[in-house]
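Labels A, B, C, D and E are assigned to the chains in the order they are written; within every chain, residues are numbered from 1.
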Amino acid sequence: ETLSIATVNNGDMIRMQKLADHFTKAHPDITLNWVTLEENVLRQRVTTDIATKGGQYDILTIGTYEVPIWTKQKWLMPLDKLGAGYDADDLLPSIRNGLTAGGTLYAAPFYGESSMVMYRKDLFEKAGLTMPEAPSWAFVADAARKLTDKSKEVYGICLRGKAGWGENMAFISAMANSYGARWFDMAWKPQFNTDPWKQTLTTYLGLMKDAGPPGASSNGFNENLALFQTGKCAMWIDATVAASFVSNPAQSKVADKVGYALAPDNGLGKRANWLWAWNLAIPASSKKGDAAQSFIAWATSKEYLELVAKEEGWANVPPGTRSSLYANPDYQKAAPFADLTLKSIQAADPLKPTVQEVPYTGVQFVAIPEFQGIGTGVGQAFSAALAGQVSADQALQNAQALATREMTKAGYIK
Amino acid sequence: MATAHSRAAARLTMAPAVVLLLGWMLIPLAMTLYFSFLRYNLLMPGTEEWIGTLNYQYFLTDPAFFTALGNTLALVGGVLALTVCGGIGLALLLDQPFWGRGIVRLLVIAPFFVMPTVSALVWKNMLMNPVNGLFAAVARGLGLQPFDFLSEAPLSSIVLIVTWQWLPFATLILLTALQSLDRERLEAAEMDGAGAVDRFVHIILPHLARAMTVVTLIQTIFLLSVFAEILVTTNGGPGNATTNITYLVYSLSLLQFDVGGGSAGGIVAVVLANIVAVFLMRMIGRNLDL
Amino acid sequence: MARAATNRRKLVLTLLAWTVGIAMFFPILWTALTSFKTEAEAIASPPSFLAFHWTLENYAEVQARSDYFLHFMNSVVISLGSTLAGLLVAVPAAWSMAFVPGRRTRDVLMWMLSTKMLPPVGVLIPIYLLFRDSGLLDSRIGLIIVLTLINLPIIVWMLFTYFREIPGEILEAARMDGAGLREEILFVLLPMAVPGIASTLLLNVILAWNEAFWTLNLSASQSAPLTAFIASYSSPEGLFYAKLSAASTMAVAPILILGWFSQKQLVRGLTFGAVK
Amino acid sequence: MGEIVLNRITKSFGDVSVIPPLDLTIADGEFVVFVGPSGCGKSTLLRLIAGLEDSSSGAIRIDGKDATALPPAQRGLAMVFQSYALYPHMTVRNNIAFPLKMARMDKAAIDRKVEAAAKVLNLTSYLDRRPGQLSGGQRQRVAIGRAIVREPTAFLFDEPLSNLDAALRVNMRLEISELHASLGTTMIYVTHDQVEAMTMADKIVVLNAGRIEQVGSPIELYNRPCNRFVAGFIGSPRMNIIEGAETGGQAHAIGIRPEHLALSTDSGHWAGTVSVSEHLGSDTFVYVQVDGVGTLVARAGGEFPVRHGDRVWLTPQPDRLHRFDAEGKAL
Amino acid sequence: MGEIVLNRITKSFGDVSVIPPLDLTIADGEFVVFVGPSGCGKSTLLRLIAGLEDSSSGAIRIDGKDATALPPAQRGLAMVFQSYALYPHMTVRNNIAFPLKMARMDKAAIDRKVEAAAKVLNLTSYLDRRPGQLSGGQRQRVAIGRAIVREPTAFLFDEPLSNLDAALRVNMRLEISELHASLGTTMIYVTHDQVEAMTMADKIVVLNAGRIEQVGSPIELYNRPCNRFVAGFIGSPRMNIIEGAETGGQAHAIGIRPEHLALSTDSGHWAGTVSVSEHLGSDTFVYVQVDGVGTLVARAGGEFPVRHGDRVWLTPQPDRLHRFDAEGKAL
């Protein structure tokens, strides 16, 4: 049997691809075909395919956003044949909850992440600052401005600015959560005309203007990673998985100078943590379900983590999915950020993401199909503000108008 | 040529191409037209229902639509202007005798062979990136503040990238046309006392009119659907600064999976493209006696 | 006009032309150079031009990540296949337009071209559904069909303009000599139009090779050409300039080399009637 | 065998009638030349016969059979085009062999025929060249070779020599005449050239705006043109036409050819002054401004020493005078 | 004013020497025709004078001033090209006005001059057409119009009539001659055509491989060609050349023109059989196969009734015999 596997072009996935020989050796009757695509292209490809029942893929890599929506559409095959040794209970609860419906797992997490602060210990030291383990936004803003030295190309803080619901909106939504903002009220009315959003956006824009790198409106995760790795950022708030890249001396010029802290808060009880996982799932229509499940079982198993550790070292193990990993002393030794990563993931609650009550689930996204469009549209509006094309107020107004329009069209707002 | 036999043969030989293209155009277009009157979101199967012109209302009242329309025109117009002017300049240059003409010609046409995706990636990351890009390094080397192309001047940057890709094409066509210019005509002008500038304005430019028309036509066809360059570099942003109609329809259909809305947008785009087509064909008809 | 160009003038022209040529080529050159750097050197500031540690590791890495040759072969098969299929349909059509022009010839041609102006995204979903139902998704045949259709108008136009330059008398002579339609096209028209056909073929191979929308959306693994290959490099994690450069170089090099080697043939027919 | 009969043939392009109803019979073995001003329909008529155009009405019989609806290949005719229309990608041998290949003749027979034709046309040493490597005259011969190997019922020539230079034209003219003499096949030949028409034709057909003005042998047309059009068309320089008083009332106009006007420096019928005199050495053409008559051209053999402004006298040979009525018909 | 002097002018393209050192003086107001076989350098010479090519060495003086290094526009010459080289996108009016516009003449003056030129050349009713809408002769006239408005010191014509048909050629030839007569400007005219050269020239320059073979008036060249090359080149049909025994030992070869060979059906100097006879009405050309001599062409005025195979006698006019030595020089 041949399995077509659609994956995203992340380092962990690429590594899985390389290690897949171990799987095929154990299952000589199965061959694997990889379709590796950039995140957005991948999402578009697999969504089109599954929605039209095109049947081009047997295993999909999908995010925590898609899983509940697709499960509801009965597009995904229940993962009930992962085998006895799979130990689903070992999966981190906040991650697992998002992938489960009616007690059945519909997608298996390959790796998970939240957000945290990564910072340059050396620069902080030089500036006489100390990063607390759980900083506030006020501290972060102040420190960022102090650490900025544009003549030396050192920028106080690097944040996502590239438009996209999975790019700048992931960060800004998480930040907004910590400021007490929410996407929709209980009647699905967009909330961009509220104060918390205004605070969020003005803080974000002001910070980026004073202490951010140039061209921030086109910076996403990768761009910021590159900036941080080359020593251009004093702080970077982004995915926890980045920790293993910035601390890897093979890739990073500042590997030995990185410190970690929890995502900032604003004293309202929520931190700017998001929650995301890349998961493997099988289309409900697949005729190769058994083989596909055995692959998923292999790829998301504890044994796989050990395999990676053996072949590539513990630091390269895909993080954020299994409690047992964080209990492993080898891992803790190899990954100084392990503890903070776990805490960050636990800090995010997809079921209760915001300070005020909301009708939706999802931390930095809203788990409704319309969100991709709205999120990206709002992301565009905010990145326009970041590029200086419109003011913060204007951006919020645009976002509000756009979201109201779409929600009305989709029938949420009667 | 025109006998009953040959005319019958002509109909027969035309048929495959016409039928294929007609099918290629009509079948999907009919489906698109049908979808455009439905509430049809790929992510919500089973909710399809007839909603009349609602999709059109939403699409046409979307503020992004007019921005996109303007951007489309600016993009097409800008690239056309730059490639035609630049193409004439390059063609004139390549027509002159100098050492290594063959090699320079190879260098100049090279961008034409580069995939749009690749050229967008290369320009965005390796050249225009304000921190790690080469232009930034050069600017810093000169003691200047690096310019942030894609957020300060997003549309112009895209115009620049697309121009780079299409300049070779314009140059090649214009160069061929230039080389077809009867040397005696230039000599006659020279005898008539026309200097280099006069010869260019009065003889060479009018001679190139046809070629410029062709360049305009072919490039417009491709430029109307510029997509990869935008997707890779700016995703249509910041804001809607670089969203063209094609990208707007894309974002509806494939980011939001709103097939109904995307179809309505597609139909609007088809209508607009046809307006452009009619306009172009008029121009061609005059300039290109087919 | 052949008055002795003074060497000074020639020198100035040479400098100018080379500057322009190198400027046009620079992004490609820079990409190729970067592909031999390490990631750290790739973003070093100030950038080093030649004095860096040359390495092939990026190519090895790229090849390890995805099967370049599969994509390459797909690109070759799809672009050649679609071009040949297009020629098969277009040659007869262009013949009739060029040699038996009617009142509507021009309109037909313009209509054909106008089909190319339709935005592909507008019809992706219908096509996707049609392809799904006919089992053409992720098949080379399916991609060949689509690319044939989208490039057909260009092929017809190019052939038409080229055929039009061929004196009709020669075809009439063939007809007098007893050639039927098939012989007329096969033995007389085609051999005479070789430069035009070569040029059409090349241009369309290039266009098909670089076509990124349909190839990306209608292929998955089996039939994915180099456009899909490069799509997986658009932003992988971390430093990726050197790897991106290597992948880009690998994706672009074959067609660039083909284009360079055959540029004479390419240019010869590339006029679209711009030259009378 | 090679008789061609056109029966009330017409041809219109769209609304424009190019050939009004036209009857013409070309006997087997005849060498017929079509002449007429540019655009009068010579090529069109030839192409109608060849089958390259459909006639709008009327019938064409070739060799006794109705050929009106036959495609060109089945009419058994061969055509030599003004542009030669050689196949540039084939060698001379293959060019000549092409019609035979199309007729599915076997290879040995083809070779034999090609060799024979090449010998007749002096092309043997060029058989493996491409047309591009041949001179104009050689190309013309290849075109003829391609025509003769088919052994057609009739040959059609459309201004075959007009792209050649003067000296070559003379040679090829002789060659075609010889070919006609040796093959005896019907030939229809379109030309602009006076000399070709006069020297090659058994029968000249003078066309004007699609109509036949006169059919006859060259000398007949020269001596007895049936109207002013033919009179003016045949002969070079053109016949002088005199209208008005000088006609003496017997006719509307009289015509006299330059070679039939005697020139004298002291006496004659008409007196006039020389406006231009062209000295060719072998002949002198004198353009004389005659009062009350207009400009008359006269030819003197050899060198006739007059210049612009000189006074000369002209005397027509009375038996060479042509008289025309008001419609231009010869009386 | 319009005197042109070439002083040891040479021209090479790369290694190929096209014009060896050449001297030529063209007097003011003269009509000079360059003739010679194709590729002999006629066009090159004209272009050297025009300034469109640089000479490799030597000097050109125009109107008394050294023009060797002047650009074309400043030499005050006008050129009419074989292809006409009209500006296809401009109306006839603008074509003619172009040189004046380039000279920054004011609009009213331009209009006046264009109208005047158009009147002279009969172009008034075509002024607003494009060249593409004109016939060949009209285009040719436009090209001439464009040349004359500039009032150049001299006109240069490169085979200006070679693209026209025979009848038009005759007309245009006369028009150019008249133009020369009325303007009195120096004209240099390149042609292939015998008749043009003979009838238009004050002076013919016969070129061969870049060298001048002979310079002289048409009649001079016709009557006293200085060598076999010129003898063969001037006159049509060509002079008959006889070598061997029949020369009588006084010369290596003798030449006699067809018009100087008397034809008779009963007696004469040489006896032979007719191979071809061409009856033009006005003349008959008879190709006679004379034993031991070869084929001689003779011209008879009017109709001379002989046919292939007839026996005829030829008698040369003794005073018209040309004698050449072994190098081809006239004796």
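In the analysis below, contacts are C-beta pairs under 8 Å (C-beta built on N, C-alpha and C of every residue); 3 or more make two chains touch, one makes a residue touch a chain.
Fair warning: this is a prediction, and the values are worked out from it, not measured in the lab.
Of all the chains, the one whose CA centre sits at the greatest distance from that of chain D is A.
Ranking B-D and B-C by contacting C-beta pairs places B-C first.
Each chain gets one centre point, the mean of its Cα atoms, and the points for chain B and chain C are 15 Å apart. Each chain gets one centre point, the mean of its Cα atoms, and the points for chain A and chain D are 90 Å apart.
Taking the mean of the C-alpha atoms as each chain's centre, chain A and chain B sit 36 Å apart.
In terms of their C-alpha centroids, the spacing between chain A and chain C amounts to 38 Å.
Shared contact sites, meaning residues of chain A that touch two or more other chains, fall at 48, 52, 223, 226, 230.
Counting only residues that touch two or more partner chains, chain E has 52.
Shared contact sites, meaning residues of chain C that touch two or more other chains, fall at 1, 43, 125, 129, 172, 231, 233-234, 241.
Here chain C touches chain A in the complex through residues 39-40, 43, 64-66, 125, 128-129, 131-132, 137-138, 216-217, 220-222, 224, 228, 231-241, going by the rule given at the top. Taken in their complex, chain C has these residues touching chain B: 1, 5, 10, 13-14, 16-18, 20-22, 24-25, 27-28, 30-31, 34, 43, 45-47, 89-90, 92-93, 95-97, 99-100, 102, 105-106, 108-110, 112-127, 129-130, 149-150, 152-154, 156, 168, 172, 181, 206, 209-210, 212-213, 226-227, 230-231, 233-234, 241, 244-245, 248, 251-252, 255-256, 258-260, 263, 267, 270-276. Partner chain D is touched in their complex by these residues of chain B: 1-5.
On the side of chain A, the complex with chain B involves touching residues 40, 44, 47-48, 51-52, 69, 73, 153, 162-164, 213-218, 223, 226-227, 230, 232, 369-370, 372-373, 376-377, 379-381, 383-384, 386-390, 398, 401, 405, 409-410.
On chain D, the positions that touch chain B within their shared complex are 51-54, 69, 71.
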